[in-house]
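Contents: one structure, followed by commentary.
Chain IDs A, B, C and D follow the sequence of writing; residue 1 opens each chain.
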Amino acid sequence: MAVETNQMRKFLNDPARVVKESLAGLAAAHGDLLRYDVAKQIIVRKDAPKKGKVALISGGGSGHEPLHGGFVGLGMLDAACPGEVFTSPVPEQMLAATKAVDGGAGVVHIVKNYTGDVLNFKMAAEDAADEGIKVTSVVIDDDVAVQDSLYTAGRRGVGATVLAEKIAGAAAESGADLAKVTDIVKRVNDRSRSFGVALSSCVPPASGKAIFDLPEGQVELGIGIHGEPGRRRAPLGSATEVVDVIVEAVLSDLKPKRGSKVLAFVNGMGGTPLLELYLLYGEVDKKLRAAGMEPVRNLVGSYITSLEMAGASLTVLELDEELTKYWDAPVHTAALRWGV
Amino acid sequence: MAVETNQMRKFLNDPARVVKESLAGLAAAHGDLLRYDVAKQIIVRKDAPKKGKVALISGGGSGHEPLHGGFVGLGMLDAACPGEVFTSPVPEQMLAATKAVDGGAGVVHIVKNYTGDVLNFKMAAEDAADEGIKVTSVVIDDDVAVQDSLYTAGRRGVGATVLAEKIAGAAAESGADLAKVTDIVKRVNDRSRSFGVALSSCVPPASGKAIFDLPEGQVELGIGIHGEPGRRRAPLGSATEVVDVIVEAVLSDLKPKRGSKVLAFVNGMGGTPLLELYLLYGEVDKKLRAAGMEPVRNLVGSYITSLEMAGASLTVLELDEELTKYWDAPVHTAALRWGV
Amino acid sequence: MDAATITSWMREIDASVRAERDHLVQLDAAIGDGDHGTNMTRGFAAVVQALDTDPGSPPGKLLILAGRTLVSTVGGASGPLWGSALRSGGRVLGDQEVFDGGQLVEVLAAALASVKDLGTAAVGDKTMVDALEPAVEKLRARLADGVPLGPALEDAAAAAEAGMRSTIPIQARKGRASYLGERSVGHQDPGATSTALVIRALQKAVVQQNS
Amino acid sequence: MDAATITSWMREIDASVRAERDHLVQLDAAIGDGDHGTNMTRGFAAVVQALDTDPGSPPGKLLILAGRTLVSTVGGASGPLWGSALRSGGRVLGDQEVFDGGQLVEVLAAALASVKDLGTAAVGDKTMVDALEPAVEKLRARLADGVPLGPALEDAAAAAEAGMRSTIPIQARKGRASYLGERSVGHQDPGATSTALVIRALQKAVVQQNS
């Protein structure tokens, strides 16, 4: 093989091209669902724009796959705008995506609450409005690890993003109007809370170095999705103990009604095997029931990730009938598919 | 958190209980599809036995999730027998699974070619025959890294297992008889070849130590799915170079006809993010086309894994019309779902 | 000062963020996501390229072009913030071919206002504002005192550097570092660090042109 | 020898594979999948427990019970191989309450035949056969020469240990280690290693009973 060796534990050619090459692969694998506009660096649903349908777009840094490109397709997103790894995309991408998917009924921007994402989407929304497209924006901020405050950047957007894209995507597919779809995104965000933990950091291809070091036997509590350290570090306990901390953090903030039907989403950060995620789900399910919730829907897998980080997060969404109906509705994307 | 800390980078309570607890979580999450028989340690399709339907079972060591429990459900497996991590299950499990799913039309045992799996399944098949159940066994051995020979243990069973379970599962669901379903498993195995590479080893919970050490910048070529080293170690080249080696290894052995329609399955070993898997798929797709194949179907994701190993494998299946039809048929399991 | 001042300012920024790339990445890895050095390097490399394609423009237009280029190539928080900053600064100069020290202060003040408006950060939040605001104030004060532009810019760059260091002991309230809460204390803010480089680059560009 | 011989043999194996657990895991990690120590420990712990529930049985039945227990608790390659070995060995003794050295040879020979039949391995393939076959042959030869059982078993255990070491320089042709091809050279086979422990345990059990 090559004389000049690749010094990262990664399959890549050139760190500067990893996002583009991965998107090209996504498009090659899922040409029936989506296309990759190389010049504009956006992933667009194959049959967009759909006349009369409210369109949904999202975007953010790459490295969180399958988010967002893996969620483009029937019943979910109309387009995704991938930035460089862990770097918000630029307004031109969002504007191009907005124009590519607008079918006349308006476009909803689903924005994770990070300063970069918020500012870039804001600029794009202003540009789109200038071009006469109806745009609404909803900022997702479900991470309870971060104290909310008027004086800070607020909470991060994490797991609820996946749920909002699925549920609002189904509403849009079923013909709901711009106000309604926007409201559904907000409702999912309002009724969701998340908390994440990490057992390792991850290595962004551009720097080739782990963002932080975490010795074995330690856990970072309250992490986001950018390989960053959490709110605090603690000795790693048993899975039961870790789940105690996570569930307590989520429920004490969500304060769901006793007897609430909930969706429990156990998410892997990219490097945690399914063996462990299901073990965690078993603990979560028990704990939610003990706390008087009924986990009537669930999602277990690596859907919003930090490259190869070892870790997991829990998102709990307090369901209602309408949200449940839209969750169950058909979806056909690279990463989520049912009913079709 | 706990005073006594967990010294592995894993979410677990007790290494001796990790498989059981994970299976309990799988059952809690997917109670609509399957049930977990704790005493017998088997995962059984909810509606088994299905009268008149040929049943398929598989099994092997754990640590390869979603294989096999994640593939139990409509159009795929009727039961899975999970052993300890990387340790073949015992004949009692296979016998119990065989009895639990037999609907009178016979049971196919899909066995990956490892001495342990083969011997344990052999004993179980003899016991089942003694109890009057019609059983056929097919040994999957698609790994081209291992030279086949009369005098050795032969080739390992890897990625083709997933494809055989899906395709034969669809045949069984559609009413094919025991001989036919058995033949389909064999056909998928005969027409499939695989090759895997690793960028890291993995840590079995029982020992808490990595099976081997691989410095950054090195790759193990020709690995299996048990965290073991490969046939040789080499400096890690670019993704393009790695894919060259993989595709060459697979095609030179499969020797497909020019113009063949193939299914290309890019599989992650558990710790490799989707960003990289899609990048690899892009390269594989290009190379297969350049070699005169037409990749008309694909599967990209972590479906047959080695715990948290960083690595990937390629399986190429030379399709025919019947195999394609059964691949496309509805499937509803925890890990693969479409058409329903 | 004229268009050449802007061009050499941007070239100086390009050179210094590239030289400090790994350091900025390290700082951002400690309390952010480790991309600030890559972001700034990618952005200012594109700015230098863009300016090369537009040789005849007046200084204000060059700043607007630089800002637009940052917005469309950087992403992250720093892209819109620096992009808007340079665009706002450029607008102050209109179509003028030359500008003096007093006008330079207004350019920087407009840039600062734009950053604060967009990002809603104030001094003490542990952001680029902690370096930019003292630099603008120091330059304005020194020029008002009759200090010549060269030494005044030297003092402004020193003020930016002091502002950069002032971010170390404080807890972040804006940007990614705020997610760390108390764990952000003890680390220097990457954006304040690159802001100090930007002001130092301005000082160097002006000194060079006058020598 | 009688049922107590079998029980103490199994207890000796249990103690020694547990003591060598990590070593066996290490050997298996080098050329297999790192579970051999855990497999053997799990299996013989279960055997000891099973024998406790069945105090009155004759030695052959105890061996069969031990074999069945291994089959149903170990899994992997070693479960069926050792399980069948002990079951076949036990069948040789039928319902006898006591057995002599010659019969012990037949027990071990049946065990070896069963391993070879199931696993199709021969000496030189780098498996447990490399330790088991020389041990059986040595015991048979020594007893035929009129050597008393104690010293004959000592020689058999030494032969198993030599067979175990003989696996180091050769390339594996059976089991997981065969997947490594040439890379299996230079490593001692874990199954041959635990087989040497099994024979050594037999020697100890017999010596103990006679002392």
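One rule holds for everything that comes next: contacts are C-beta pairs under 8 Å (C-beta built on N, C-alpha and C of every residue); 3 or more make two chains touch, one makes a residue touch a chain.
All values derive from a computational prediction rather than experimental measurement.
The chains in contact with chain A and with chain B alike: there are none.
Counting hops only between chains that touch, chain B reaches chain C in a minimum of 2.
Comparing the CA-atom centres of all chains against that of chain B, the greatest distance is found for C.
Remark: chain A and chain D have CA centroids separated by 54 Å (rounded to whole angstrom).
Between the Cα centres of chain B and chain D there is a gap of 32 Å. Centre-to-centre separation of chain C and chain D, using mean CA positions: 75 Å. Annotation for chain D: no residues touch 2 or more other chains. Chain B has residues 85 in contact with two or more other chains. The touch graph of the protein chains shown is a line.
Under the touch rule stated earlier, the contacting chain pairs are A-B, A-C, B-D. Across the complex, chain C is touched by residues 61, 83-92, 114-116, 119-120, 122-123, 145-147, 151-153, 156, 204, 206-207, 209, 211-212, 224, 226-229, 231-232 of chain A. Residue ranges on chain D touching chain B, taken from their complex, read 22, 25, 29-35, 37-39, 42, 71-81, 118-119, 173-176, 178-181, 183.
Residue ranges on chain A touching chain B, taken from their complex, read 1-3, 5-14, 18-19, 21-26, 28-29, 62-63, 65-66, 70, 85, 199-200, 216-219, 234-242, 245, 270-283, 285-286, 298, 300, 302, 305, 307-308, 310, 312, 334-335, 337-340.
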